[in-house]
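Got a structure for you, written out below as structure tokens; questions coming shortly.
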Amino acid sequence: MHGTFSAIGFLTRTRRPGRIDMTDILSWLWLVGGTLAVLIPVIWAGLSSLKPEAEITRFPPTLLPRAAVQVEVQGFDKPLSLWNATVDGEAREMAMVRRIGLKAQMVDPKYPGKPVSVDTRSISPVQRLTVATENYTDPLTRFNFLTFLKNSVFVTFVATLLTLIVNALAAFALSKYRFRGDTAIFVLIISTLMIPLTVVMVPAYLVVVGVGLVDNLWGVIIPTVASPTGVFLLRQYMLTIPDELIEAARVDAASEFRIFWRIVLPLTAPALAVLAIFSVLWRWNDFLWPLIVLSSRENFTLQVGLNAFQGEFSVQWHYILAMTFLSLVPVTLVFLFLQRYITTGIAGTGMK
Amino acid sequence: MSSTPQASWRLHVATGGTDMAGATGFADRALDLAMAVVEAPINAVERLIGKRRMPYLFLAPNLVLFGIFTFLPIAIAVGYAFTGGTELLISNRPFVGLDNFRTLLSCESYLVPGSCEESLFWTAIWNTLWFVGFNVAATLLVALVTALILDRAIAARGFFRAMFFYPVLLSPVVIGLIWKWFLDRNGLLNAFLQMLGVPPEIFLLEVGWSRFFVVVVSVWFHMGFYTLILLAGLQAIPKDLYEAAAIDAATPSRTLLRITLPLLGPNLIVVLVLLMIKSVQIFDEAWVLTNGGGPGTANTFLVQYIYQMAFAGDLRLYGLASAASVLMGLVLLVLTLVQLRLGKKAES
Amino acid sequence: MGDLRLTNLNKSYGAVAALHDVNLSIDNGEFVVFVGPSGCGKSTLLRIIAGLEDITSGAIAIGGRDVGALSPAERKIAMVFQSYALYPHMSVRKNLAFGLENLKFKRAEIDARIAEAARMLAIEPYLDRKPRQLSGGQRQRVAIGRAIVREPAIFLFDEPLSNLDAALRVQTRAEITKLHRQMQTTMIYVTHDQVEAMTMADKIVVLRAGRVEQVGTPLELFDFPANLFVAGFLGSPRMNILKGRIVIGDDRRVLVDVGQPALLESDVDPASVSAGQEVLAGIRPAHFVVSEEGLPFEVQYHESLGTETYVYGTLQGQAEQVIVHQPGHFAPAAGAVLKVMPQEGRLHVFDPASELALARRHGGH
């Protein structure tokens, strides 16, 4: 009793303890309603992805993935389907031998004797919770899903690594040196924040054609490696590293590159982590650019592949949803473990 | 009592810190290895050009990539906008002057896309404008209300904030597919409506409903991001102002109108413009959700138009697509300048 | 060798000149302190010696070798920074090893030098800790240790004690002095604290607004300040400055009239002054004696420090407040009038226009 009370007390705790007014109630309705709105489509898709092909389009749908149960019965070659039936005024699970019009021939699976005749209008199939793992295993084995996955992992990993190094080098130059044109270069880089990919995608594609990277994963990776957001975020962070550390290293006979690699880079780890998380998310979720650059199936990334699937298997939702869910997993894991990094990173830099 | 979530936060941060420290041993070795490979040539360059020219070397990869994949395309976009034909090489393309712009802009009435020479362009423009209007209003309202609620000292704030933020991280394709399934003829929404006795509807094949749900999905997708920015703005408002207002016997609604919103004002405007810039560029999730802009052209937006002209059709009309890109770029540039201007004002 | 020559050194940032025509010679093994108020250019001068800043014109030589174009690493110097600048992500041992590794020393040599420095500075127990796990004093030692392992020709210290609390500062001061005696290496030490300058230096360089004001041993500077600025800067409480007039007495002795009834005796060279010339007379608070005769000093209040007492008051005809130091307990009532006189040979006389000390009689004090 006491436990229940304190749980309610915890959940309804507000600025003024002991008083719950209308605003609090409305706030809670909004938050709980919003949470449900976020979760229901995702969970619904997740549950659906576990349903067998025959079940997924049943309307009205069942919440959990279920399938009809089959049993082996002595004296019958094939497994029989199991039904709930009322025999002699007693509710029992019976196996159906055959069905003729409104009558069904049924046996008790435990004591198979002579089949009894039952009215089919009074029986319903016995269903058990069944997970259709083939929805997941089939795409992995039969379709190109593994290729897409491999391509996406490659693009995400290589692009993130390059993004970190290229932008950290630029940020180092722009935060720890005074040189002719430093401000102009910084403004030039930041100004590219104003030019979204959607505006330059046509000519950027032409450039990719020109350098021979069309339908090539490197054509997806390289054009977006230089990131103004990345330069800005890392530069702001590097500005907080005391200049005396750089000077101490210089007195310690470190080359400029060694200062970058051994002093500045390790000390920028928190900002690099934030940028790495974002880069992984950007690259993993990227759609329009790979869609433009990649044309042959063996080069598709996961997102482009998913889009292609939904065009081809438009009725095979069990496969589409399963693959959708597989591509959701890494992002969800990143979110669960690094949620705090991401939210503070966004609140601090306003980037997405 | 209220310090408990704070404490667990700190604990989280602290353990995060040790994890990082544990990882540095490995990271150190990886860095050492990479260093050994690249250091010698870079140091040779340093001896050659001197320490003070090294920043140029460090900037070089970045600037080369920006030059090739951002600045060069801008120049090309402008060039292609004045050429016609379907050839890829600019040397093979005939110069057509302002023809592409004339094609895009010639209209008997801009209000009636059918009366325009390039009617799909104007359909896309009007679709985009309507989408931007509804999407900006709805997202802003939902994000603001959520941020205001989360700013109250409410229990489990971190949980809710994370919950609302989760969709932001998902891929647009995944979101399009999840919602497509949710809105399917056999989907959960129709099942729910049937429980209420409403006949099922194929939402995404009906013009009105499909447009409505494109906005719903967009709000669902992005509101967490704007909530986060507004929440950061709200939490920057000094708490003693609220205490002073309480001492001055201000009612909650008066406090909201006279203190919270005016102080949040600059943030609100920045979010508004940012939201407009992003909304104009709607493509990915709408494309997947509506099977490429359907039904018909009810959800064909500007970016989709450009994409189709340049990449999807049998004829690859790069000139027309570039001209449309240039026009959209100008609109975005104006919006961005407004944002920078307001952002600077908000800072001071 | 650790001797240093600066010749006609100038440094400017755009139109702003930071150092004017600095000439300085430091011998091998000297402990030299650069002192001056903030913004006087002392840190800039140190950073120029280190090679962290370029010179605009002039020459800089270490051990007879022109080092103006060399990088810090090539100058055989080591530096202890104000913030210590320990690499926060490295253990103490790695902090010490970093410079030697960069210079491609053998592992055994690195280990030997670290062991020797750690023993000298008693930091052996902390070698595997990170800097943030150390106290301020321990970090300070590590920073010094990082300089020692390099075995430099010159040690440079940039206000190394300013981040320590008062007690630790006194202790560390003594340790650095001891270190200098042990190592016999040239050390250049920048501080704004005149006590550090007085207690540690073989030679003090006083800087103001980018110019060298005076160079000398601590006592030379204290006893014979070359100008008003040096006189005011060294010594605490500050030297009292009185307005006065030259009176030429019998035997051509130069006296200063700062208000009747008494004239103050000085050892100014009579050849350099004329009677009636306006001057400024400087007397340190500790150099006043209370006597039967002298200048009437009206007491305003006093501060008793137990071992000594500072009496604040005014001299007749002088606008500025005057401080008089008395040993031990001394409690004059407010409003009381004492008679005070400077000790013999302790009067400093300056020209008000040039602010330079007037030439003293040959051999006189």
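To keep things simple, chains are lettered A, B and C as they appear, and every chain counts its residues starting from 1.
By definition in this document, a residue touches a chain if its C-beta (ideal position, glycine included) is under 8 Å from a C-beta of that chain, and two chains touch if they have at least 3 such contacts.
Please read all numbers here as calculations on a predicted model, not as lab measurements.
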Touching both chain A and chain C we find none
With centres defined as the mean of Cα atoms, the chain at greatest distance from chain B is chain C
By C-alpha centres, the chain nearest the middle of everything shown is B
Whole-angstrom distance, CA centroid of chain A to CA centroid of chain C, is 66
Averaging C-alpha coordinates per chain, one finds the centres of chain B and chain C separated by a number of Å equal to 60
Whole-Å distance, C-alpha centre of chain A to that of chain B, is 18
Going by residue number, chain B touches two or more other chains at 24, 51
Within chain C, the set of residues that touch 2 or more other chains is 71, 89
Multi-partner residues in chain A (2 or more other chains touched) are 255, 258, 262, 266
As the complex stands, chain C meets chain A at residues 47, 50-52, 71-73, 77-79, 81-83, 85-89, 98-99, 102-103, 146, 150
Per the touch rule above, chain A residues touching chain B in the complex are 10-15, 17, 23, 27, 30-31, 34-35, 37-42, 44-45, 48, 56-61, 166-167, 169-170, 172-174, 177, 179, 182, 185, 188-189, 192-196, 198-207, 209, 211, 222-226, 231, 255-258, 260-262, 265-266, 269-270, 273, 281, 284-288, 292, 303, 306-307, 310, 317, 320-321, 324, 327-328, 331-332, 334-335, 339-340, 342-343, 346-347, 350, 352
Residue set of chain B touching chain A in the complex reads 1-2, 12-13, 16, 20, 24, 27-28, 31, 34-35, 38-39, 42-43, 46, 51-56, 58-59, 61-63, 65-66, 68-77, 80, 88, 145-146, 149-150, 152-156, 160-174, 177-182, 184-188, 190-191, 194-195, 200, 220, 225, 228-229, 231-232, 252, 274, 277, 281, 283-284, 288, 303, 306-307, 310-311, 318, 321-322, 325, 328-329, 332-333, 336
Per the touch rule, the chain A residues reaching chain C in their complex are 242, 244-245, 247-255, 258, 262-263, 266-267
